[in-house]
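Lettered A, B and C in written order, each chain numbered from 1.
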Amino acid sequence: MNNSFFKMFVPKEPKFCVLLRQMAEVSAEAAILMLDCVKNLEYEEVVEIARQIKVYEKKGDITLVKIFDELNSTFITPFDREDIHDLANVLDDVMDYMNSCAKKIVLFHPKYLPESALALAQIVDKASDIVLQAVSGLKNIKKNAKNMSRLVNELHELENQADEIYELFLRDLFANEKDSIEVVKLKDILHELEKATDATEDVGKIIKTIIVKYA
Amino acid sequence: MNNSFFKMFVPKEPKFCVLLRQMAEVSAEAAILMLDCVKNLEYEEVVEIARQIKVYEKKGDITLVKIFDELNSTFITPFDREDIHDLANVLDDVMDYMNSCAKKIVLFHPKYLPESALALAQIVDKASDIVLQAVSGLKNIKKNAKNMSRLVNELHELENQADEIYELFLRDLFANEKDSIEVVKLKDILHELEKATDATEDVGKIIKTIIVKYA
Amino acid sequence: MNNSFFKMFVPKEPKFCVLLRQMAEVSAEAAILMLDCVKNLEYEEVVEIARQIKVYEKKGDITLVKIFDELNSTFITPFDREDIHDLANVLDDVMDYMNSCAKKIVLFHPKYLPESALALAQIVDKASDIVLQAVSGLKNIKKNAKNMSRLVNELHELENQADEIYELFLRDLFANEKDSIEVVKLKDILHELEKATDATEDVGKIIKTIIVKYA
């Protein structure tokens, strides 16, 4: 613990809010790249996009470590310690699932990506923007609570939409795709996007918890 | 926080026990439907059963949210806060895995479901009944502890049986099913039932923890 | 709670360190068996190795239960209660993934296991040894902190190596294996080994947390 004794008692509100916001920014940037990643571009282009998404994922990891280090060396936190911990973890999940999706597209090299991949990536993109807005509200939670609650509801809605798209995709895949290796590839790739939207909804749930306690 | 200041200090024992029991009831009801869901009925019937299971899943979700809201606005809880939190989450998992199983049967529309699917659904049904009995014991834990410990052991036994059935099923599937798309479908569908029994065992573990601390 | 009132206040440092070390030992022993398990031996031999790995997995489970029982009946713990809880859980994960891998080799009975399976098993073996060294350091954390930090970095390195091996394997599998049922089998089997190395890295992360707080 490198902090001086007194520093430990100084509330760290701004620091945690800034770091959590950084994690949300990284996902929002990566989500824009995700859109291109599922557009059936040339393989070399997809490889390059996946490389760039990986860079964001590493940035997110570094911020996650900073948040955990802060949690371990700070006595007074602006919100419940577990909520900050959980929020950082699910923000990391959002980024991880996008990165896994991009990586699997490169590794599996499917013959084509269906339109539902783009539809899901668009939802991940929208949801990542909303997550960024909601997390940005934390630094002045009493003022922003009402707007944040609205954003949390939107995340829930988007997750429902993603579920429906993924289900229709699966139904269609199993009914029409005869190449079973492509079935395995596509099911796995699109599942990562569906899990990314689940994770954005989880962000919403934790923010709701923080609102109940602190707004 | 809508509770008055004083209300926060009133022990909420009955409320938590009632809500946790409601979650267990929902799973027990859904488990009965699950039995029909894996009996190779007409597709339209399966779709209807899956729709009904989804209704129970939503009921469970609403109760889960109530439990979390109570936890966030209650100072004194009848058991450790984390144990109530974890118990609610795994009860939700039991329901979720059943719902996922039903949904996948509808979406994947496999050519047939093997007898091991019914054998697993029967274990999920038995285990859900035992979970309901064990959770019902919480409201008078000192009196019920001995019986609850016995029920926890039964959940452990049932999970072992489910493991064996799932393993024999996998061995048989990979040895005999030549249609690889059916392999993917059935492996996934039955896995949800196996995970449901894992979750009922997890319920048992948390109840055991609560017994150690409070009985 | 069988402990006498006073016993609850006696620090349990040695007990927790001994039990956590036992869990790490069990994985280190099983990891040696894992090496043979992926060497394309006769099926009967593989079945016997998997049986032996299962014995270790059960030993680990028993120790895990002991640790949780201790946590529930001890007021003063040598490290944060949650860190001991999490460390025990991820040590159990390492063992579980190895056991799942062995079990799947037996159940799926793949035509062959690729060289990358052995490469991954070798990393799991190395990582399990390092985990054992790192966990052994806990009983004198102030003295061992520097060496433990070095070991944590090695776990991170090994996990990166495992990721690369698994990715190259997947790329090769999807490009060259035409038997789609073998694709499903091998992807699943090697994934367990990759998850085992993830879990050893998670052990490292928790140990790092404990070092930050207590060394």
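To be clear about the criterion, a residue touches a chain if its C-beta (ideal position, glycine included) is under 8 Å from a C-beta of that chain, and two chains touch if they have at least 3 such contacts.
Since we're looking at a predicted model, the values are computed, not measured.
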Request  = Compute the rotation angle for the C-alpha superposition of chain A onto chain B, expressed as a multiple of 5 degrees.
outcome  = 120
Query = Copies chain B, chain C: same or different interface, half of numbers shared as the threshold?
reply = different
Query = Taking each chain's centre as the mean of its CA atoms, how far is chain B from chain C in angstrom?
reply = 28
Task = Specify, in ascending order, the residues of chain B that touch 2 or more different other chains.
result = 180, 184
Key: For the chain A and chain C complex, residues of the former touching the latter   = 1, 68-69, 72-73, 103, 107-109, 180-181, 184-185
Ask   = For chain B, which residues are in contact with chain C within the complex?
value = 167, 170-171, 174-175, 180, 183-184, 187, 209, 212-213
